[in-house]
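Shared between the two complexes below is chain A, which pairs with chain B and chain C, respectively.
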Partner chain A sequence: MNTQKAQPRLYSSKESILALKAHLSAKQAKLPKNPTIEDYITYIKKLSNRLKQGPLDFWIPNVFRRVIQVIRLMSSEDGFLPNKDKEKNFKALGLTIQRQSSRSKTTVETGFETGSNANQQYIILPAIEQVLEELEAHSDDINTFASTHFFTNEVLLVYEYSTTVLNFLLSAKKTRNFEIIVLESETENLGKQFATDLGKHQLNVTLTPFTNAYAIMQRVNKILLGVDAILKNGGLLMHPGTYAICVLAKQFAVPVIVLSGAHKLTPKYAFDQTTFNQLVSPLKINPNSTVDQMSIGITFDYVPPEYISLYITNQGQYTPQSIYQLFSDFYNVKDEDI
Partner chain B sequence: MSEKPNQQNPKKGEPWKPKEKFDKKANKEKQKQEQEQGEGKQETNQPPQQQNKQPIQQQTADQQPTQQQVPTNDKQIAQTNASKEQDKRKDFLSHLPIFQDYTSVSIKTVKQIDPLTLHHAFIELCIQYQNGQCIGSTHRCVEFLNALKQFIRDYKLSRQSNYFAMAFLDELKKIFNLMKNFRTVNEGMSTSYLFIRECLMILRDTKLDENESKIWLCNQIDQFIQSKIIAASELIVKNATQLIQEGTTILVYARSYLIENFIINYFKQGKQLTIFVVDNPQFGEGSQLVNRLQQQGIPCYQILLSHVSYILSKVDKILVGASSMLCNGALVSRVGTALLACLASTHKIPFLVFCESYKFSEKSQIDSLSWNEIAQLEQGNENQQYTSLSLRYDITQSNYINMIVTEVGLIPATSVKAVIGEFKKYNYVDAIEVPRKEQ
Partner chain C sequence: MSEFYAVILADNYDNQFNHLTNTLPKSLFPFVDDLIIEHQINWLSKNEIDQIIILYRNEKIAEYFNNRKRLGRKTQNIQLINILDSKSSGDALRELYSHGIIQQDFLLLFGDVITNISLKDVINKYHDQRKEDKMNILLMVAHQGTQQYEEERFLYVLESDDKLFQLIDLQQKQIKFNKKHITLTKGMPCKYVIRSNLIESGIYICNRDVLKSFQENFMWAEIKEDFIKYMTTTSDIQEEKIHLYIAPKIQVSQRIFHPQSFHNACLKYLSRFFFPYCPQQQYYVDFFKYFAGRVDQKAKISDQCFIGQNTDVKPKVTITKSIIGKNCKLGIGCEIINSILWDNIEIDDNVIIKDCIVASGCKIKNSIQSQIVTMENQKNVKQLSNFQKYDDNTFQSEDSDEESDSHELHQKKPKENDDQGLKEDMIDIVAKCQTVSQVRQAIINVDTIKVNSNIAFENIVIAFMAAFLDTIQPDIDSLKNAYALWEEFIVRFVSETEVLCYIKSIETFCRQNQQYHLNQFLQLSYKHQILSEQVILNYQNQMAAVEDDQFAKEFTQSSQQFKEYLENIIAEQEQQQTQDEQGDGEYEYEYVYE
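Our next item is the complex of A and B:
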């Protein structure tokens, strides 16, 4: 198959934060004269709707949700309520969230009357900086778990290109000796690129086409996957083909480990392959396809949570049954409709 | 059968080095030119030639050590650069045969060394095998039998032996051993070998002279093709048509001679099917099937194996061809079939296998890695820091297979052993007609 032409790139998570920064500092930002925290939050929500490139763009809304959550937390810390006692009590947690938002209004009105810039200076910009830092350091946090899951001379399976997995393996290489099998999908050359990048660091790499997955699977000890989005029920949206790999892994009782930064958490639900999916142009799959012999290609594969053994994120390790907890820490329930 | 589409497979990445277009006239002219060149070389190469005769004729499954022992071989010199990488053994697959990439020049030099080694029909066939122009178990078997018939016609008994049958039996063994250098012998070809051996045993007992024996043998081979391949295919298509109702959605993987015939036949009867063809870009078989269907005016959808999860909920049945069926009920087929079978069983979709009875084998195999064939379809860089691996075959376990459609009926995967037992009683064909001298 010929390689696909590049699809129009969606904003990556980092780029979307920088875009937010740029928009906020622009003179034409449509904010009222003395913007409160709430004003900023509504502005960010509107901006997310504007920048979002289609219903399958998860990265911009995720990042903006996180920024809003950090803003809320930061603005409530400036209030007079001590939060630490309240947070221990789960029931009161819901109440504190409500009180925090109302408190934030009062604190803003009483505390910072000097100008709109003060809010921006003390709350909004630091919030953005924090989220940016989390993003940039996510790989390092994930790598702290690198050697805890491997034994010597293991055989690992990876699929297509994932920077998170690449960094993870390079950090695990320092303490463990293992062998890597890279599965490559039929359309893009990402698999080959991944294999060369791994090979440059003197790792033992084998490249296999996707069709050999069943034959190879009996040799594999663990599977490491990078992900496009983690849904609230624990399901995953990933590169097409991962569903087949996960089904095979279950047959052979091979554990599947998912590596991702927390910025990929998406508070949505999916049930089958068609909930979040998009057909790509037939010509990208096969340049010779015609109306009668049409090629079908999809963007995502949905993997139900039963096929996954462990999620390793920069906020910790979770099982599919417990990953919902991360959502309530990371995002606010109010912002899920962005 | 006679409509062989002589198409180049759409390959991923670089083309072969070099590509040989199968053109008999051009090949024969090349042969003549190279023979004239080779005669000049032969005198200087006689000392290493005698050394070479032994490795050639002793070759069994280990080609690697013999070729490494004779580094000044003409074969080695004429090999492409990529063969050095092929000599490397892989860690867990070092037991599998790796086939050298022969160019026509190197084969001709082999022929120069021992002109009786391989008939030109087989050389052309082996180049086709390596190029990927002749893939698919039925296609390979039929081409092999055609080449064998040509060989029989050109074969001349040396004056020493008067018995055609015994001499030819030796020749047959030699041919098979040499063919194993290029690609593994598949199950259909082994069955035909056993069948021809039976015929030769019968010939040995009768007293026919050379010409009559040759004619009779060629007739027997034609009968084998007719009854075991062509007539079987018609019966299988008929059996399958009863199974599959009009309007179902079927999924087909790669290209199978039987399934192609079945679909074309089905549409000729005026019925409709929705067809998804899962493509195999490494071998290009899916696109070949699609082109063939396009010629017949049959609409279908193409999809890649990694994207199959999307349409599995809409598919009613999965049809797959076979390279061979093993005694323990396992299916040997194009790599990727086992993956489809696993997905099918998870989604509870019937998985049907189309296989003629001559492909049934007495071997048993559990996993895909203990015996397989490594397909070297892409020339990798010498600097690449990873090893590539691609297999040709795949073992699908019997619990994934719902039904096998053969010409003897619709059987479950576990009954393969019983069918083989039945055939053994009849020498693989119903009865071989004993030749009479009056014919």
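Our next item is the complex of A and C:
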């Protein structure tokens, strides 16, 4: 029998960080008495395993990877102590140099506050705060980056509901006019919701069914898509149906631009449509389906990187050939097996 | 939540699976990859209900749970309560009340429900309604869909906020709505909503008051017929209310009433309707085929099939929409269509199994169709040697292409059924024929019937005579005409071995109806060369020897003349034979010995 839970993600990325905070401050946290940074890292890894909701849950491990990376960065930086005591600072400097040279744990023997309190106070909690800030502000950064790519009176195509794209369009409308075409999926009805949300802000929106995609592709200037996960080779896991749009776009030479926060970067590789996918109930596709019909529903569409023109994240803009650089900055290679 | 119990009624009180439930309770039926009760326990633990009470009648459930070892992170606390004396689910609930384990709310589940309904919203709704009014004691869970089986056909009359006003059984002949007058106001929707696209899922969330009311009214046997009906019909007097929770469209459930719904539930499970409760992904191949065993390349397996572990599927095997359990051995050239095979079954080569349920441990040697085979009756099962591959009669509608009623397992009844069918056919045939050419057509028809259904000549003769004798009148002319018409037919089917039953049938007919004379029948039969002289003479001598029979005496008197006539003929024939022999003497050869 299948033993996985496959409900929609109960924890968003932000909530999982808050959950992490709560876990760390809880008294039942299973940390050794004087925990080192390594102990914290292993604890976070175990927590991500526990909170993960199935093999197709990428967002919680991504966030925890980022937290661990920030912790590593902060613990190897100089001057994580407050600047009150200069002498201690100098000692600390010397110790940090020692630490950097040797592959040792961060517990230092001589005359120095290294209790769990200090570690937690000066490394872990600031790290978590930093990641939380990144998450909360990601759409603003995306908006600033993306606004350079669009011009007036352009026709943009969007597909189903995406909060990132919604935020971008609302911020971009202040400076220029453009026309939006919302493509509706055949199986879900979020496209209508998207169109109404956009229409409330006096944007020029047209809602079309999916079968119209081929007909309107000639008149479209750019395609804006939101993603569920960005893989290490540049491939994307997206809402079912986007693969068809990307193939069409390539045929008509329409640039496809992907907007996402950096927390969706997943250091994994997919080879075909079935690597990171699962079959869901046929009732999701067609609520009136019976046993005699052969309805196959999938969770994601895998889009190879050849169909994408540009990735815009809150950490920068990348082409498919160069997105791997972002991974090495954003994550650490040691953490890829969470 | 920690005190929330789930009560499983792990037995059924009806006879749908008659031959299987004699030995094995319905909860222990294997359902694709695991037992039904294991599926239910898995579903409950995923919905975070760990305290389970199982009410059982059959000792096998107790044995099973004593030997049960399941690995898992969560262990469930399972209590077993024996309800051996109960004859209905009402008795079971009374027994549960007497144990006094349940203090507050509990979840009641029938033992044959397969579902993927998420209980979180259900329990929240239940608690909300309890807060509003202490009199909301039952929450029925229903899911949306088309009502397929007769046991599902109900009309749900709902008031505002999904309160159940009336549950109308569509199988009754008269449908009566509980309210005489409904007031409508302009611009406002009507207060009552009638829905026919809901299917009750067999899951109820009840309060302890439900058990109390069962205890007070000890005549109540069923939940639906007695309890809910009482609560809804007397809603003016009673204050207790029943509400309905309608699950979103993606959550379904299926109850296993009878073999058709069993097969349907299995196919739904394979087609992933109960996502996320599905067979394991590692067995998945193509379109809803799950191979846990070894399948040869030359085997033809259609979609929506499941092949259990350690099962070898040999080449040239065809499997269509079937579920095969563990450790089965299928011979070469088998065909398995629309069937459910449990574990450890051996099937010989070139056997066709269609629309059947075969229990564990059976050995099948001949083709079977529409049977339920268990270890006990596997030898008595009607097995066909010449199997018809495509039978029009079984494909009447989508639902009825499944196992028919299991009465066919008794040997006597099929014979009667066949006889009845044959007699009716004969009557049809005899009534239609007016000319000799039509009689010839009738001969061909009867021939085909005989070959297809493997009927003996004797049965045909008996059936035909019964129909034939009905059509004739007492006067001699109609007899002559009838015999003239049916001469070919009777000659074809009455050969030497059947003469006795032919004469016997006429004799019984004449005994019953005094207007007819057996003598005339015999004469006519002789004239049309149906009976030979010797046979008639033997019969007449036999009748003469019979004592104390009025009919026999009359017959011998009236047939005296005929008898003498026949004897003369026989004597002449003998003379001729001897003459021929003497004549043959002239041509006697001399054997020359050298």
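FYI, the second predicted complex is superposed on the first by the 289 of 338 C-alpha atoms of A that agree within 3 Å, B and C clash if a C-alpha of one lies under 4 Å from a C-alpha of the other, contacts with A are read in each partner's own complex, and residues count from 1 in each chain.
Here is the rule we use: a residue touches a chain if its C-beta (ideal position, glycine included) is under 8 Å from a C-beta of that chain, and two chains touch if they have at least 3 such contacts.
Quick caveat, the model's predicted, so the values are computed rather than measured.
Touch criterion met: A:Ala213 reaches chain B, while chain C stays clear of it. In the superposition on chain A, contact of A:Phe327 is made with neither chain B nor chain C.
Once the two complexes are laid over each other on the shared chain, residue contacts for A:Phe58 go to neither chain B nor chain C. Between chain B and chain C, it is B that contacts the larger number of residues in chain A. In the superposition on chain A, A:Tyr161 makes contact with neither chain B nor chain C. Looking at the shared chain after the overlay, A:Met294 reaches both chain B and chain C. Once the two complexes are laid over each other on the shared chain, residue contacts for A:Gln278 go to chain C alone; chain B is not touched.
By the touch criterion defined above, A:Tyr43 reaches neither chain B nor chain C. The intersection of chain A residues touching chain B with those touching chain C, taken from the two complexes, comprises 1, 292, 294-296. Note for the complex: chain C touches chain A at residues 33-34, 38-39, 42, 46, 116, 118, 249-250, 252, 264, 267-268, 271-281, 284, 287-288, 303-304, 398. Residues 10, 12, 90-92, 276, 279-282, 287, 290, 293-294, 299-311, 313, 334-336, 338-339, 342-343, 346, 367-369, 372, 384-391, 394-395 of chain B are the ones that touch chain A when the two sit in their complex.
Contact residues on chain A toward chain B in their complex (touch as defined above): 1, 179, 182, 185-187, 195-196, 198-200, 202, 205-216, 218-219, 240-241, 243-244, 247-248, 251, 272-274, 277, 285-286, 288-290, 292-298, 301. Residues of chain A that touch chain C in their complex: 1-7, 278-284, 287, 291-292, 294-296.
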